[in-house]
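You will see two complexes here that share subunit A, one where it goes with subunit B and one where it goes with subunit C.
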Partner chain A sequence: MSAVQQINRDDFLDGLVRCWPDVAAQDAAWLKALRARAAGRVAALHFPDRRDEEWRFTDLSALRELNFEPAPLQKLQAPFADFERLIFPEAAATRLVFVNGHYAPELSDTHDVPPGVTLAHLKGQGATHDLAASTHLAQHADVNHEVFSALNTSLFPDAALLFIAQDVVCERPLHLLFISTAQQTPLLSSPRCLIISGRNSACTLIEEYVGLGEGVTFTNAVSEIVVEEGAHMQHVRVQDEGREAFHIANNTVTLARDAHYQSINVTLGARLSRYTLGVVHHGPGTECSVDGLALISGRQLADTHSVIDHAASHGKSTQLNKCIVDESAHAVFNGKIVVRRDAQLNDARQQSRNLLLSARARVNAKPELLILADDVKCAHGATVGQLDEEQIFYLKCRGLSETAARNLLTYAFAAEVVEKIPLVSLKTRLRAVILERVHASTETA
Partner chain B sequence: MGKILLEVRNLHATVAGVEILKGFDLTVRAGEVHAIMGPNGSGKSTFSKLLAGHPAYTVTGGEVLYQGENLLALSAEERSRAGVFLAFQYPVEIPGVSNASFLRLAYNTVQKQRGGEELDPLEFDDLVREKLKLVEMEASFLERSVNEGFSGGEKKRNEILQMALLEPTLAVLDETDSGLDIDALRIVAGGVNKLLNPGNAVILVTHYQRLLNYITPQFVHVMEDGRIVKTGGKELALELEERGYDWVREEQAARQLA
Partner chain C sequence: MSATLDSLINRPYTAGFVTPVESDSAPKGLSEDTIRLISAKKNEPEWLLEFRLKAHKHWLTLQEPQWASVHHPKIDFQDMVYYSAPKTKKKLASMDEVDPELLRTFEKLGVPMHERKTLANVAVDVIFDSVSVATTYKKKLAEVGVIFCSFSEAVQEHPELVKKYLGSVVPQGDNYYAALNSAVFTDGSFCYIPKNTRCPMELSTYFRINNQESGQFERTLIIAEEGSHVSYLEGCTAPRFDTNQLHAAVVELVALDNAEIKYSTVQNWYAGDENGVGGIYNFVTKRGMCRGVNSKISWTQVETGSAITWKYPSCVLLGDNSIGEFYSVALTNHRQQADTGTKMIHIGKNTKSRIVSKGISAGESSNSYRGLVRMTPTAHGARNHSQCDSLLIGSRCEANTFPYIEVRNPSARVEHEATTSKIGEDQMFYFSSRGIGSEEAVSMIINGFCKDVFMQLPMEFAVEATQLLGLKLEGSVG
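After this line comes the complex of A and B, so read on.
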């Protein structure tokens, strides 16, 4: 590689990471130290390109060509025009909102947060939550090797904190809403979440990323989720940023003995999005179900990389990943399952199903199994197909138009994932959004 | 005599470049029941699906008039809305679409076209429960995905349920009796009989005379190699059951020699 390329390669990361001391100015010593270490890792790591196995199908060169600045604090007019539609009635007063990674008190409402549940932001707490935060923050995400996690750690302006105390069952869903706003100059947002679900607790979390305004944005999000012994957690994640947005997110989930984690990830937005999910089954008897749905069109690219790591015995994991790809869009799914040596009696199932709605649509779906234990059950399958012409004919024979038939079948494909969402209002909203997008693309076809 | 609903004249059709229908003629009037019998592969399903508008079949000659209009100019959904109904030999499974929502969508689409009243889910529920009785189906079938995991008999009953909801003018039942046990056969046949009226007509495609013990046809046609080679009354079905199709072939060969 020539010297010129070398310099270019580092420009993008260096330009961003050098801002870290400003971001850290008010930080406690432990956090400053954390950021300094992360900034050091950013300098040592390189910006990924397609020669990296993990980025083979997802070309980040368009991102690298742009000049981003860390987003400054910005106050939105509260409540702005479209805000109502972003609120879920079930979580109307259990909501934290962040704008470009900064906490937005004027849009947040935590009145209904029950005792035993902390829904807060790192910067507002003084030293109250420092112990929990300093114990866990950046201890689960792979800051040492994964450059975007390191970049986020050096730059996040604030963090959403959700702590559920031992034995607490939180009936109300909790909503973390991250809004990115497009400005004249391209801005980088670095949202950060730390979620700790205490022993034998239960909760439902909605983590949502949306965009406001037209224009280029870059969201680089990191979430760390710890599910302690016997705790149950339901996690729905929705990404619906603008069509010019870049969205890179890393989510690391750590499961202790007998913990249950159920997650549903829905990707609708962004020009280029990458969601990396890692679930580590640390203790025996853990269960996870991680489902995904991507519905993309135009020139969108949506990439999901997951690693489900069975590091202990008697675990169970199920995964259903679905992509609906229209026009010239491109979906990537890489689902890795690891069963470590001595992690006996695990049961891991993965299904990847993909629907291509146009001749130009593309999908790269790849299971990756690394099974080192011998007494395990492991099943996986991947399909790529179009809508079934015989099903379309059957529906037309019952009076449905070609468009109505195609929409119904496309929706049905998505429904298998959407219908699992535990929040009625979110499910209803997604049904409408999906029908609307499916409809829009069949009309322009 | 009822007015003519369907007139098929010298119909020729190909699938994947192979000619399957080779001069098919049939006239059906309101109030009539026709049975079409014939050996495997003679083209019965081809004719049925072509009538419903399946895109795989290309008409290469002849014409099909439905209520005096060119049926072939209409798309599958237009034919359905105009009152043509095909009960599929192999009903299609549609995972992820509940039977109830599918039936309501179909019902409302057709109602709208015919200027009838569209029903909301609650109103429709009342109607569909009434119709379920006709085919002795449990209401639990409404919650399941369309035909998914249904037994053969359940699928066929679901077809007749759709027929009951859409009230077609011309129904083609393609082997709706195949694979049914005697109880299911009685139920399905009973349902069809209740739907018959002087204004509509049914074409029964079948291999078995036993269906005709329950639904009495005025005409029985024998189909062979893409055309109707013999037409008789309901006693012809008994004769076919007893003697098979060979004698029809021989009779036809003799006629061609003469």
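After this line comes the complex of A and C, so read on.
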């Protein structure tokens, strides 16, 4: 009986990972070896269920019941209807676009990429960047233990590469756009990013996932980011996939001595989304600020897991994660702060703020501290609640209607995160999206 | 500063002696026969035996839980004595007939067993290994209708109450150790406060493990009827052995309409030596049910002993407007491991809960707070505030915080905050510049850190806890 269950349980993974030799047909030897190893790990690991502590509140059984196929190469007619909406004027000619994980040259534009910056895709490079790619690819993501990272590594059709050379300050924001398109059959896309910002460099990166069309899709993304000594990176990540989509993403960030990393993650779409962020402070004097906003409604589930690992001394981290949960949506936040043995003089702060707008909405928050060094300052806070009646009353006294007051407060709650986004056009767009969602929710209420 | 800290921390464990009493023990091992033997020895009614056997049957299907942040070798449940009682020749008629050896033991531990000598207002039930040896002030309590006696006695004399409430808060199959306890529990305290009665004195149970090979499985049941009030204290010690003993207790509290139960624990089981050899495994299930409206259950614990502590005193807030509180100080030193916290399950309207947890880790110990706050969809207007602070002393120790927050009602409000810090050089400087030595300074800082919790303890316990903490930490601040 248990043997039968075992087989059924991993049918989903086996069915997908079986395709890896086809994907790898054109690959260099090192990449083939990497994929073979990852495929082996997929076979050895099991599909997570709610008995796994990491997946306790996020039920993937709906995903497992569907039959996905790795998405084939598909050409989108450019410019299609909504494409203009997806382009930022600041990054109009510094963008790479991938459709279902495949590079889309007809949608990409890289002619403004300054010298010292490489914005490319793995398949198009021949051997030019093989050395950097082979040194770093799958070396930071946990391919050995995390089944979705392993699955992505065995199946990704192409990878976005962004390399910033030493001492280069890239003024223009760089835009990586991943589009998933819904088809008749449910498709799996495996987008992959490798980003290396060299010593004392600086850049701003927008990583964006959008869905086109109505239908079930499954995006399983993996990003690896290396911030070398003294480098600064700003990273904005937006997930706005279709309402039927499944989105699972793993992002691993490695910080060397004195590196700065600032990230803002905005989750708007997908029926079920899971974002796992790992930031490892490898060198002393590193700083990171990791913020998140999830704005969900309907039957959406948004899960954010983060691990901020202070492996060296004199580090600093701040985190603000906010969720606005409406209708029957369900938000999950699990934020772990680890201070390793002898990693002294670290300062880590974490805030989890959750706003429930409906009686059916649900939040699971689990902020964790694991502290193994004594000379540190670590604090976390978590709150869950609804809008403050006194604040609403205050605004009503000043002539706002109940609805307007609620909308304003909800918007302000979200704005604290959105306002940190360095890109004006993206900020404007998100403000509009939030206002629209907030209004929609009060109209239906 | 480190020298004073070392001497502070490494004070000997004064309760670590063994009492040479002849004991009547069951053979090692756990089977249905052991359970029947325990039940027969205690002359139990059939329904209680059924309760035990059902629990045992369920226990066999369970797996030992692995999720806690503690490490220990696998426990061999067959290499353990499940029943051990000091030999008595006949039924005791009064306190004066208690074995003088036992009396001396508790005298040495500072537990008052002579009514005339007692601290002004505390009634004590003393549990030695598997059985209750004496309960003081029974008569005085009986005058106001309060029943306070050993569990075995309650089974004989008040079976209807025991039957009604046993397992109503912690069911037989609740978890691995609760199931084990339900199968083999030997004794414990039973307390019943009738309607609209305020218990005239503090009730207290003192637990003592003496036998090297026995596990202690006691069961405590406290029932507070409508409008009643009781304050209950629990203390525990064990001798120093180089083997580990298992202590798997179950405590059930039931508070009906407008009732209030205050439950305080000072836990000082033997913690093992500095290399982590020996000590008690303290795997306890404690849960209170605020069944009635406006009822209140308040847990206060000072956890300083045990090689491994694993307990989560919880409140189920069923009645509207009921209140749950949890105040905890957990101190770990050397190789001790503590994974402790609470669960607050809000079900009724306008229920409130407050959690204050202070963890102090020193040496190479590991101290974790693990808590759950759950707001069910019916918990309209419920409130929770949690505060978990950790203090680290030394660079080899570990402090973890794992709070789970689950909210399914938008009008509920949950707030959680946690901090981790050490005793700062500037704090020490402040004291030394005012002529206060480092040892005293550390003790003052720690007492200040724990003040929110100590304030909740009854007077006698607060003094004891403060001293205990001082003893435990002697020599650990550097």
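The rule is simple: the second predicted complex is superposed on the first by the 444 of 445 C-alpha atoms of A that agree within 3 Å, B and C clash if a C-alpha of one lies under 4 Å from a C-alpha of the other, contacts with A are read in each partner's own complex, and residues count from 1 in each chain.
One rule holds in what follows: a residue touches a chain if its C-beta (ideal position, glycine included) is under 8 Å from a C-beta of that chain, and two chains touch if they have at least 3 such contacts.
Please read these numbers as outputs of a predicted model, since none were measured by experiment.
Engineer: Between subunit B (first) and subunit C (second), which does A:T428 come into contact with in this model arrangement: first, second, both, or neither?
Structural biologist: neither
Engineer: Looking at the overlay, does A:N67 come into contact with subunit B only (first), subunit C only (second), both, or neither?
Structural biologist: A:N67: touches no partner chain.
Engineer: After superposition on the shared chain, which partner residues are touched by A:T403: those of subunit B (first), subunit C (second), both, or neither?
Structural biologist: neither
Engineer: Just subunit B (first), just subunit C (second), both, or neither: which does A:R362 touch?
Structural biologist: It touches subunit C, and subunit B stays clear.
Engineer: Does subunit A have more residues touched by subunit B or by subunit C?
Structural biologist: Touching more residues of subunit A than the other partner does is C.
Engineer: Considering only the touch criterion stated at the top, classify A:A412 as touching first (subunit B), second (subunit C), both, or neither.
Structural biologist: A:A412 sits against subunit B, while subunit C stays out of touch.
Engineer: Is A:T383 touching the first partner subunit B, the second partner subunit C, both, or neither of them?
Structural biologist: Second partner only, subunit C.
Engineer: If you lay the two complexes on top of each other, which residues of subunit A touch subunit B in one and subunit C in the other?
Structural biologist: none
Engineer: Of all residues in subunit C, which touch subunit A in the complex?
Structural biologist: Listed in rising order, the residues are 67, 375, 377, 390, 392-422.
Engineer: What residues on subunit A touch subunit B, complex-wise?
Structural biologist: Those in contact with subunit B are residues 388-391, 393-402, 404, 408-409, 411-413, 415-416.
Engineer: Touching subunit C in the complex: which residues of subunit A?
Structural biologist: 53, 341-342, 344, 354, 356-386
Engineer: State the interface residues of subunit B toward subunit A in the complex, per the touch definition above.
Structural biologist: Its residues touching subunit A are 52-55, 75-77, 79-81, 85-86, 88, 91-92, 94-97, 102, 105-106, 109-110, 113, 162, 166.
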